[in-house]
Amino acid sequence: QDMVALLLPENVNPRWEQQDAAAFVARMKEIAPDVSVEVFNANNDSSVQQRQAEQALTQGARVLVVTPIDGDSSAIIADLAAEEGVPTIAYDRMINSANTKFWVQADMFATGAAQAQHVIDNTADGDTLVMLKGSPTDPNAAVIADGQMSVLQPLFDSGARKLGYENWTPGWDPAIARRSMDQALTQLNNDLQGVVSSNDGNAGAAIEAMEEQGMAGTVPVSGLDCTVQAQQLMLLGKQTQCGWRPLHEMGGAAAEVAVRLMNEQDYSDLATATVTNGVGATVNFVPVDSYSAVGAEGVAYVIENDPSVSRDMVCQGEAAKTDFCAD
Amino acid sequence: MMTASTTTAGHQAPPTAPPTGAGDRAHLRVSGIHKHFGGVHALRGVDFEVARGEVMALVGDNGAGKSTLMKVLAGAHVADAGTFHLDGQQVHVGGPKDAAALGIQIVYQDLALCENLDVAANLSLGAEPVRPGFGFLPRLLRPIDDLRMEVKAKRAIDQLQVRTLKSVRAQVGGLSGGQRQAIAIARAVGADSSVVMLDEPTAALGVAQTRQVLNVVKRLRETGHAVIYISHNMRDIFEVSDRICVLRHGANVATWRTQDTTPDEIVVAMTRGLEKEVGRAG
Amino acid sequence: MQDSAFLGMSDRLRILRQSRFGAFAPVLFALAAIWGYFGLALPLWDYLTTPEAQNLRLIFLSPRNIYNLFMQSAVIATLAVGITVVLLLGDIDLSAAATAGVCAALLGVLVLAGLPGWAACVIVIAVGAVMGAAQGMLIAYVGIPSFVVTLAGLLGFQGLMQKILPTGNLNIDDPFLRGISRILVPDMLGLAIAALIVAGMIALSLRRQHRRREAGLEQDSPIAVWGQIAMVATLLFGAVLTLNAYRSVPLLILLLVAITAALGWVTTSTPFGRSIFAVGGNAESARRVGMNVRRIRVAAFAIVGIMAAVGGIFGASRYGSVSYTAFAGGSLLLESIGAAVIGGTSLFGGRGSVWNAILGALVIGSLGNGLDLSGASAADKLMFSGAILLLAVALDAVSRPAGQGR
Amino acid sequence: MQDSAFLGMSDRLRILRQSRFGAFAPVLFALAAIWGYFGLALPLWDYLTTPEAQNLRLIFLSPRNIYNLFMQSAVIATLAVGITVVLLLGDIDLSAAATAGVCAALLGVLVLAGLPGWAACVIVIAVGAVMGAAQGMLIAYVGIPSFVVTLAGLLGFQGLMQKILPTGNLNIDDPFLRGISRILVPDMLGLAIAALIVAGMIALSLRRQHRRREAGLEQDSPIAVWGQIAMVATLLFGAVLTLNAYRSVPLLILLLVAITAALGWVTTSTPFGRSIFAVGGNAESARRVGMNVRRIRVAAFAIVGIMAAVGGIFGASRYGSVSYTAFAGGSLLLESIGAAVIGGTSLFGGRGSVWNAILGALVIGSLGNGLDLSGASAADKLMFSGAILLLAVALDAVSRPAGQGR
Amino acid sequence: MMTASTTTAGHQAPPTAPPTGAGDRAHLRVSGIHKHFGGVHALRGVDFEVARGEVMALVGDNGAGKSTLMKVLAGAHVADAGTFHLDGQQVHVGGPKDAAALGIQIVYQDLALCENLDVAANLSLGAEPVRPGFGFLPRLLRPIDDLRMEVKAKRAIDQLQVRTLKSVRAQVGGLSGGQRQAIAIARAVGADSSVVMLDEPTAALGVAQTRQVLNVVKRLRETGHAVIYISHNMRDIFEVSDRICVLRHGANVATWRTQDTTPDEIVVAMTRGLEKEVGRAG
C-alpha cells in the first residue's frame, strides 16, 4: 500500500492539525483513496522532524510534504528523501535544499504589507506602533516582516509613525509575545496606537496584555491565519484584521501534487510558476490567494470561504452576544 | 559448666534458661525467625523472648545478627519466616508503625535521627504533641505544640545528664556522637511502651551518661517494662540484666540466667559457641 | 547559651543566616542584586553613556513595572511553591507545568460547556490533586524514581492537553475566571490587611516570648524577633504601597500569598509538615519512627497537583486564554523548578521553604522582565540572563562566611 | 560464603541483580518491553484487528529501523553518557544540550571559515571541556548548587548559540564531518571487532579467575562470569548482524561505543573513577580521606563538556546542519537526563553506569521511533509515550523481589 | 592528689605532665586551638601534644570537644586560631590531604565510609594501589590493582578477627556496626603514618575485636608511632595509654601520666573539673 507523509512543524498554531492536515487528508481520500496518509508533528524540534522523516521513509512513504521548523536545517530531510528517490514538497514554509520539488504558499510579502497597511490606515500621523514579529527560524516570518517594513519604513523615516517597540517571537510562542507586549506597554506608558502583529497567536497575546490596561479594542491589531479565536476577537472589536489564506486549497493543492508525483504524471498545470530558494535551486511554485479580512465583514468573508470554519464555531462564548451572531 | 542439654546447641534448638523464665511468662516471644539479605543469611531460625519486669541481654560477636533481630522485632525489617507472640497472642508486625502500636520502642544502633531537624523535633519525631482545640482538623494537620515539645525534650536530656547540650533547638547534624545517642535514647524511653529495646545504647556515652542509662534501664524494669539490652560491655550486662541470650552466626547459642553464669562463659559462648562448636571451629 | 564575648561579626552573620529569617537572606540578596542592576545600574549607565538622554528613566523600578513583574511571575511562583513541597521530600516533579496545562485546558472546556466559573475551578483543582496523587502512588508504592514517573507524566499530560484542546487554544471569557486577575483589592483594604498581618505577627511573637519565659525555655534573641517582624513589615508595606501607587493589589496576588501562607504553615507547623522534612532529611529514620512515608509522599504529590491546578487557573485568568505553549510547551517547567531551587530549596530534600520559592520566582521573572525592557537582542538577552542569574547567586555564595563549603 | 541450600529463586534473582551484570537488568527489561510492544504486540494487534491486512509487518524490528533507531538515539546517548558522570557525583547538568549546541554552531562556523573538519572538531572539543570546567569551578569553588549554575549555563549558552548562528541555522557540507555519520564500517570488519571484543573479555576473565585463585581470593561464580560474557556477546553480535543486514555499522556508532568504553573504564577502574563514586556516595568521607573533591567535580564537569561537544559533532554530522531548535531549543535536555536516569543512575549520586545511559537513550529513542511508526496523532503519541515509558519501568519495579522499598 | 599547679587548671593553661613528657619530646604539638561552630565555641584554646612511641589518651564528657580536636588535627576542620608543630617545626594543616601528607592517620568517630562502595574499596579509599607499567598515565588514571586491594583488605580484616565478614566485596551499606568500625580502623592503621588517632575505635566492637584493637595500638606504640586514643572506657584507657589528657567544655583540664593517676580521679576531672571547678559547678 502506498503512503504519503505530511510533516507538520508545531502545535502552537491550530491551523496545522485543524485545517491544513484535515484538508490534505480529505483531498487525498478523494483523489487517491487507497493511498494512506501519515501525519507527524515535530513540536518545534528540528531533530524530531528529521526522525519523523526517517520513520516515514522506513514505512515506505512515496512523497514527503513538509512544513519545516527552520528553513535551512530541514534541507537534510529533502536530501535524505532524494537519496531514496522520494520527492519532497515544501508546504507553507520553504525548504532551502536543492531537492525541494515544490512549494505551496501564498504571497507572504503582500500579506505582511496588508497587515501593516491596515494598521497605518487606522492610525494617524505621529502615532506610535508596536511590531510583534514571528519565529526567527521560520523563513515566512522574515518575508512577512519585510512586507510590513516595505509599508512602514517610509513612514518611520518620515516621522509619520514611530516604532515604539519590536520583538521576535521564537517558535511563534504566544507566551513570549505576551511578555513582549507587557514590556512595550510599560516602556511606552500605554502610549501606543497600533500593533502590527505577524500572526493571530501574537495578536491574541497582545490583546490580552492591553485588556489588562483597559485598552483592548481601542487600537488596531493585525494578525494572520484567522483562527476561530481571532475571529471571535474581531467580532468583539479587539483584533481588527487578519490575513487569510484558503488553507483548504493549499492542503488540496499539496495533495494533488503529491499524487501526481507518486504516479509520475505531468504536473505543469499545477505549478504555474517557479521560485528560487535560499540555496539557489529552482522550485516549482503553487501559489494560492490571500485576503485581508477586516472587522465583522472580514469574519463573514472567512466563514463564507473557509469550509473548515462555521458560524457556530465562531459564535461561542462572549462572541455569541455580538450583533454579528445575533442576526 | 556445660550441661548435657547445651550439647545440642548451635544451629539446633537452644537450651533455654530454667523453666521459671520460660514461655508462659514471656511478654514478647518470637520463634523461628529467618532473615536473608541477598545472599547473606543473617538470622537462621532464631527464638527469642522477654518478660515484663525483666531485662534480657542480647549478646554476640560483631555481625552475629543482634541488630537484625532487633530490627525485625521493631518492624524495620520484615522477617522471611517466623512467628510473633505478644502475651501469648500471635500478632503481626508488618512495619515500624505496627510495632509502635504494640508498645514496642527501640533505640537503633545507628540512632535513626534526622540531621536536618533540631533536638526537640527529633525527640518527638512521629509523635508530635499538638495544641488542644483543633479537634476539627485531622490530627496530622493540627498545630504542633512546640513549647510542650521543647519542655519535654529539655527534661529528657537533663535526665541523661548531657550537660554540654545546651539548646534543644540545635540541629542534630552538629551534635557530638554521645549527644546524638542520648537523644535517641531519650526518644525511645520517653514514649509509652511495654517493650523497650536498646541496641548498644551506651557505645558513645561518657561514664556519667552510661550510669544514667543503666539507671533508666533498671527503672524501666521496676515499672514492669520488658527490656532488651544489647551491649558488648560485659560489666554493664552483668549489672543490669536478668537473663543473657547469646547469638552466634545468626543462630541461638543459648540463654542463661545472669546469676548462673560468668562473663568468661558468655564470652566463650559468643566467640566459640558451645562445646560441640568449639570442636568444629578448632 | 554561649559566650557572646567571643562572637565576631562573621559569627553573628552566620548565626543570623541559620535562623528562620536568615534563610531568606540569599535569595533576597540575589533579588536585590538583580533589581539594583536593572533598576539603577543600567539606567545610570544609559544616562552616562548616551549624551542625548534627557533624564534617568527608572522604568524597571516604576510601580507599574513592579505590578507587571508580580503578575508575570505569579504562575511560576504558584508552581514553584508546589514543587518546593516535593523537593523537600527529595523528589522532583517535572510534570507540574503540564498538569497546570491540562487543568487550564479542562477549565476552558468546562466554562465553554456552560459550567459556572467557580464550579469549574473546584473540578480542576480536584483533577489536579488526582493527577498528582496518581503519580505519587507510582513513586511511593511501585517504587519508580520520581524523575522517571514525572517525566512520563510530562509526556502524557502534554498529550492529554492537546487532546482536550484540539484547536491549540481557547478564549476564556468567564467573568469569574477573568476576575481573578482583574479584580483589584481596594487600596485601603490592601493596607489594612498588611497592617493586620504585621499586628498579628507582633502579638503572636509577644505571646510566644511570654509563654517561653513561663515554661523556662531559652528566649529568642530580641534582635532576631524584631528583625524578622521589621523585615516582613517592610516587604509587605513596600509591596502594597508600590502596587497601590500603580493600581492596587490584584486579587490574584492576594490569593497566591494566602495559599502560600497556608502551605507555609502546614509545612512548618503541623505533624504532616514535620514528617515531610523528616522524610527529606532521612527517609529511613522517618519510616522507623512509624511515619507512613508512602502516604506522605502521595499527599505531597497531591499538593503539587493542586498547586499546578491553581497555577493553571491563574494562568488562564491572566492570559485570558488557554494555549498549549503557555503551559506545556514552554519554559514554565524549568522556570518553576529553577525558582524553587534558587529560593534555596535543596534537591536532596529536607531543606527549604515555600516562601523562598516565591522570591525565587521573582528572581526568574525579573530576568525576563528586565531584559525585555533593556531592548537587547534575543541572543543577548539569553546570555545576559544566564550571566546575571549566576552573578546574583554567586554574590551571595562569595559573601557567605567561610565554612566547610557546601 | 553462604549456604546455598537456603537460597530460594528470589534470592538468586536478587543476588544476580546486585552483581555488576545485574545492574543492566532493569533497563534491558524496559527496553525489551518496549521493543516487544512496538515490534511484536502492535503489529500482531493490527494484523488481528484489521481484516484486510495482508501480512504482519514487523517494521519496528526491521534492520533498517534498528539502524535508524541507533542513529536517532546517538546524540541523546552521547550526552547521557556524559551526564551520567556528574549524576554519579550527585550533581546535575542542565546545560549539556546547550553546550552541544554551542559546540555544533562553532563547528559550523569554523568549517565555513575554511578550517579542516578534524581541526574544527579538536577545537570544539576543547571549547566544550572549557565550558564544562568553567561551570564545574563555579560549583566546586564558589559553592553554588549545580542546578542553578547549569540553569544559568543553559540560558547563557542558548544565547551564545544564537549569537554564533544569527540566522538560527547553518548547513554543514564538510566531507570529514558528514563522514562521521555516513561512513560505514565494512561488514566483515564490524564482525571482526565484535569477535575481538568477546575474545578479549574471555581472556581477561580467565586470567582474572586464575589470578584470584592464586591470590587466595573468593572466585566469581562461573554463572555470573559466563552469563555476563554471553550477554555482551549476544548484544554485540546481535547489533552488528542487524546493522549489517541493513547497511553496516556506522562509524558514528563505533565511535560512541569506543568513547563509552573508555569512559566506562575510567569510571570503574581508575582511582579517578573511584573518587567519583566516593564523592557521590559520601562527599564528606571522600574529603576526609584526602580526595580533592573540588578538582574531581571540575574534572567531571569538563567530561560532560567534552561529551556535549562530541554530541554536538555527532549531531551536526547527522543533521547535516546546525540548528537552534535541534539542540538548545528542543527536548534534548530532558531526554538526555531522562536517558541517564532511566538507565538506573541515581540523581543522589554514587550509583549508576555509563553503559546504562546508552540503554536508557535507546529506551527514549524507541518511544519516539516506535510511535512515529504507529501512525497515531500527535496528542496520542505523547500520551502513549508517557504510558509506555511508565509501564516499561513499572514492570521492572513490580517484578523486583520485595525488599524494603526504594 | 591535686598538686598546687592543678589549681590553676580549668580554662587557663593546663598543668602538663612532669617535664619528662614535655615539649621537646613531642612529635605533634598544637597549642591555643579555638574552634567555633556558629554560636557554639567548641574548642577554647586547647593545647595538646603527643610523642612518638607514646599512647596519649584523650578523654572528656560527651560534647567536651574531643572529636572536634581530632578533626582539627586531621585537617577535617580548620581551626579558627592555634598553631601546629611537628617535630618542633611549625606546619600548616589546611585540609585532610595536608594532614595525610604529614603522616597523620585517623579513625573518625563517625567512620567516614562510603556506603555505596565495597569493603575493599573503602579500605583503600584515596590510596588505591595501581598496576605497574602504566607510568605514562597520570596516577589518577592508571588502572586500579583490585586484586592487591582485595588481598590487603582481607588481611586487614582478618587481623581484627571480624569473622562474620566473609567477603571483602560486600557493600559497606549492608554491614553491621562493628564490621564497619573494623573497616575504618583497618584503613587508618594500614596506611603509612607517624601519628595514628583513634576516636572511640572500639565503641561498636565485640570483646575479641576490642582486644585486637588494643593489641594493634600497643604494636603501633612499639613501632614508634605517636598514638592518640579517645575512649569512654577507663579500663581500656588505663591498659594502653601512657598519658591521659582530659578535656572539659572545650578546654584542657589537665594531663596526667597514667601510672600516676586512677580512673576515679580521671572521671572526676572529666565530669567536675579540678578543685576550683568543683566549687564553681557545685
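Letters A, B, C, D and E mark the chains as written, and numbering starts fresh at 1 in each.
FYI, a contact is a pair of C-beta atoms (placed from the backbone, for glycine too) under 8 Å apart; a residue touches a chain by one contact, two chains touch by 3 or more.
Chain identities (UniProt): B, E = Monosaccharide ABC transporter ATP-binding protein, CUT2 family; C, D = Xylose transport system permease protein XylH.
Since the structure is predicted, the reported quantities are computational estimates derived from the model, not experimental observations.
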Task: Count of contact steps on the shortest path from chain A to chain D - done: 1
- [ ] Work out which chains are contact partners of both chain C and chain E.
- [x] B, D
Task: Interface ranked first by C-beta contact pairs - done: C-D
Open item on the list: Can you compute the centre-to-centre distance for chain B and chain E, using the mean CA position of each chain? Integer Å is fine.
Closed with: 29
Open item on the list: Can you compute the centre-to-centre distance for chain A and chain E, using the mean CA position of each chain? Integer Å is fine.
Closed with: 75
TODO: Could you tell me the distance, in whole angstrom, between the mean C-alpha positions of chain B and chain D?
DONE: 47
- [ ] Just give me the whole-number Å value for how far the CA centre of chain B lies from that of chain C.
- [x] 44
Task: Shared interface positions of chain D, touching two or more other chains - done: 1-2, 378
Task: Overlap residues in chain E, where contacts from two or more other chains coincide - done: 38, 40
TODO: Enumerate the residues of chain A that touch no fewer than two other chains.
DONE: 11, 17, 43-44, 136, 170-171
Task: Touching residues (chain side chain C, partner chain B) in the complex - done: 1-2, 211-212, 215-218, 266, 269-272, 274-275, 277-278, 280-282, 284-292, 350-351
TODO: Could you pull out which chain B residues touch chain E in their complex?
DONE: 37-38, 40, 60-64, 67-68, 109-110, 162-165, 170, 174-179, 182, 200, 203-210, 232-234, 249, 267, 270-271
Open item on the list: List the residues on chain A that touch chain D in their complex, please.
Closed with: 8, 11, 17, 38-41, 43-48, 50-52, 54-56, 58-59, 69-73, 75-76, 79, 96, 136-137, 170-171
Open item on the list: Quick check: in the complex, which residue numbers of chain D touch chain C?
Closed with: 90, 92, 94, 138, 142-145, 147-149, 151-163, 166, 283, 294, 334, 337-338, 341-342, 346-348, 378-387, 389-390, 393-394, 397-398, 400, 405-406
Task: List of chain C residues in touch with chain A within their complex - done: 59, 62, 64-65, 68, 71-72, 112, 162, 166-171, 173, 181-182, 318-321, 323-326, 329-330, 368-369, 372-373, 378
